[in-house]
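Heads up, the thing below is written out as structure tokens.
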């Protein structure tokens, strides 16, 4: 399969603290890639450098390259807005906007200039269906998104991203704030989305990585220690540290 | 921190926002600059140390400076214990019951009351009704009136300061067997002191800047006060009276300069002290 | 023994905490005690809606002052709100550290300048400019009595400057306390910065911004000294449509401050009655604010 | 300055006086009272006199009603209501203050009769040409309602029944009136004579210049009393102070300060 | 060994939410007892009810008994201040007061009326030695405690408690904010303290519980599921849920 995203010798500093060290990785199209590793090892940081979300943080310096479809996303020619349209993101805790369900999903298309009411309706319905939320909310599209349960909110956030029709979906611990049943639903959803999207998912939960991903990268203190197809990582890790981590010997 | 490359509409909008923000700086510079430009030439040692003549249109402002300082110190020494005490009570001793709600509500309302209303009240209550104790128009009456005005400021900022003291400090102290007051006195207050000082400074600033309420309670004599039961005149009052009664704008602006400098000095000292304390705590 | 001293401390602190509330009660009591008889005697509507204020002849109609007060407050808000909110947005969302280091102290200082100084500068500088505009630029269309500088517009401008810090500080707080995740959410969807601000951040900070405006309005309604010095204190109802922004007016606060001293007993009681009206406006505003803002907060 | 000659007066007949006096009231009288008090205290080191402002009304009230002060200062006569409600107070004139009617230096009109001034301020005359000037509308500048100065002007010029024109611009202080007249060549206003200065012109009224002499001689018609208000039965220090004010030294200080002695 | 602390049918509600359900446990003198269990299961809540720290929280209602040396600590005869002197507490993240190292340690003795300078010096030295911090700070006792590293701060907090000479030491995840090396030092310290103190330690880290404790209690949604000597819990748990938890199958 084609390489969709790739990082080359990526280093990232927060001020003087180096959070990412010489990251090299190729992420393939229409696969699910999981990032695992103990807290603070740089998983989120790396994820956020894939759609330049780290630009928001003061004092971040980056060197090395991140390519998407072989284009350097840190080049000055890149339009960040376009990049983020292409690379959608779902966050650790659900963050619907304080507006109606409908407006949440329509938000992206609207800011991208889509004002046609009919068209918007279609997009909203389609996205909510893809996110497996349509049946639960279709009669209440004008209700505030904040009145949904945590699991529903997270699926709404996924629908909101899908409405922008990104190519890549970055998910930073998307289920860590959810109960087991909601977690399951989101996991199913991710599996389903795989056929259309390139998905990168950060998780604390090794079982989850094992269940949903095709390939897994193990991060430790800012480095990628091991990167392989998921089964290998969990059954025959090559690095001692990987083994220690997945058997729960530290972390 | 520019997030995205500004384009078209974005560019114009961000330009407008920037302009708005910097115009506040411009306005400030115009006001302060003009006041200093008009007033500085009239200031001399004589002006600072002489007594006023002819309603203040001639001579200096010495008694007014004395009056201002006297008034500020008196006000703050009444308002601080009450305000900080109230904040401690609200933050440390109550658990958001109806009573606290009433007290907070009252404080909110008090904060919104215009100073002229405080003036009316101070006149009717402190000057007239309590004349026997306050001696009518006097520093005591003026300071008590001002205390009512600045109390909400001190209570609120002190409350905020107390809130920022991590509850882990309280828990640690209590878990070591300290009682509540020991905990407050030894751990909470010292930690919160920079914030509380900020509140007090805001209070002093407001008290010194006040005019309307003092016109009705402080008397406005041009003689130096010798006790808290004498009347006095503050720089703000003097500036108003000189500008309006005599029309001598040179003196008015010179007084304004002194007033601004006084406020600067107080702020400067306060910040210095606060920084010292903070540095000491972190050392 | 330890227990006992704890109790005493607690009691002392309790008393300090009820002083603020007692003050409210006392203020209300004293103002009403002196002022209410006048309203009763004169009739509430005659008092509120009477358009003549002539204490020498014992005619107490405060409509001109009510109108003047609200007029100048309205103008101040019209000028101050766009400036204030823009500045708040700039500070919360765009400002570099260096820029903030210049702007923030400036705002703090603006808030710290005593109102008499605003009044003085307004009276000497602003009114001079206004007078020139009124005479030279608009001399032909403005009525004579609107041509001497003292005007609602001067008052509105000075007040607008005075309420800027309130608007800026509270709105900025509100904008900053919008959870970061909303902003990230919007940006991650490919919204531009401006779209994020106008479509997500400002709506989410709405109730804070409203409370900023309400507080600023309260401050404007209650301002005394700066207004006395610039609005001319003419107890007349402004006429002439839009041109009336050049009209001299008088305010509720101003009339009290100016006339208290000279007033005889009846006149003085009438001024306390003006105080009642002022207190009523301010209290309604505050209560409205508390109610509205709490409701707004819940909705989000 | 001004205290060089205190030694020679030191052991005057007032010796032996002691105690405290509190004065309150008119801000126009206040500066004069302060000078008087200062001098009196030098003469009588055991006497302490405190002076507060508050305005004429408050000054009267402070003696009559609540006894906040021993002596009230007022720049106007007692009002009827004040007299009837408080039979036990009386007003003592300690000085006079002439009121000058002022115009812009460029104004051709420099002389008016009391009647003309009245007509201008009631709005019957609205153009300078009706009083001998050029053809231009008159900008009347009035003081705010409740001002002692305005009250005095009303009584002295307009009379009880006269009404100020509603077209008048209102200024709330002597200084502001001066500023306003300075700024407008067609304006007219009135201020305390003591506050006259070169940038405005005091109009000749009924043939008399606005000078202290003219007021003293009774030629200049517009002057108001500066009053001390005391309890009818006031004795002791209060009386001693007032007596001193009314005698030679007190009255010469009145003149020194630019007011009109009795 | 003698029972030092014991809870009998303890129920605790935060408002209407029941955080502890019928807790029964006997904690023996001079043993280390570990509480483990997933987040939110009530470990901290229970710990805090052993020195009435929950009194500080609004809306807490408690029924059942907690006995210390066979005395009911919730009886109105108990002086809470005395109780807390006897039952010291160390918190999850180090919380030294913003004052000097010396003043931190002397704080407890001082509030209990000890003003004798010589005596205080002794206590401070002894406590810091016990907490294995003396050598690192003895030349800098007047430095602000906030200038210490996290691990040092936590040991300082332990010294601060020891200075009050409590009989019981409650520790709520005392190492969760620390790096591995500091963690190790604190663990060693706990082992050393065992001979003089009754210690209760809450931990998220099962390895830690296994390493340091004599007995372990496993909490789940407000209940004690299993309570046994540590070895048994980790090698032959009786309850399926315990086994699931320690093998990482949930949580």
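Think of it as A, B, C, D and E in the order they're written, each chain with its own count starting at 1.
Here is the rule we go by: a contact is a pair of C-beta atoms (placed from the backbone, for glycine too) under 8 Å apart; a residue touches a chain by one contact, two chains touch by 3 or more.
Just so we're clear, the structure is a prediction, and the values are computed from it rather than from any experiment.
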Most central chain, judged by mean C-alpha position against the global CA mean: B
Winner on C-beta contact pairs when B-D is weighed against A-C: B-D
Distance-maximising chain from chain A - centres being C-alpha averages: D
Per Cα centroids, the chain farthest from chain E: D
Centre distance in Å when chain A and chain D are each reduced to the mean of their C-alpha atoms: 83
Distance between chain centroids, defined by C-alpha means - chain A, chain C (Å): 48
Geometric centre distance via CA averages, chain E-chain D, whole Å: 81
For chain C paired with chain D, centre-to-centre distance based on mean C-alpha positions, whole Å: 36
Residue numbers of chain A (touch at least two other chains): 56, 81
Multi-partner residues of chain D (at least 2 other chains): 27, 53-54, 65, 172, 176, 179
Junction residues of chain C, two or more chains touched: 2, 123, 187, 192, 260-261
Residue ranges of chain B touching chain E (in the complex, touch as defined): 95-96, 166, 168-179, 182, 186-187, 190-191, 280-283
Touch list for chain C against partner chain D, complex: 53-56, 123, 128, 131, 144-145, 148-150, 228, 232-236, 248, 250, 255, 258-268
Touching residues (chain side chain E, partner chain B) in the complex: 51, 53, 56, 58, 81-82, 84-85, 88-89, 91, 93, 95, 97-99, 107-108, 111-112, 143-144, 146-147, 157, 160-161, 164
Complex contacts: residues of chain D adjacent to chain B: 2, 22, 24, 27-28, 30-31, 34-35, 37-38, 48, 50-54, 62, 65-69, 172-176, 178-179, 194-195, 257-258
For the chain C and chain B complex, residues of the former touching the latter: 2, 5-6, 9-10, 12-14, 16-21, 23-24, 26-27, 30-31, 33-34, 82-83, 86-87, 89-91, 94-96, 99, 102-103, 106-107, 109-110, 112-121, 123-125, 161, 164, 168, 187, 192-194, 215, 218, 221-225, 229, 253, 256-257, 260-261, 271-272, 275, 278-279, 282-283, 285-286, 290
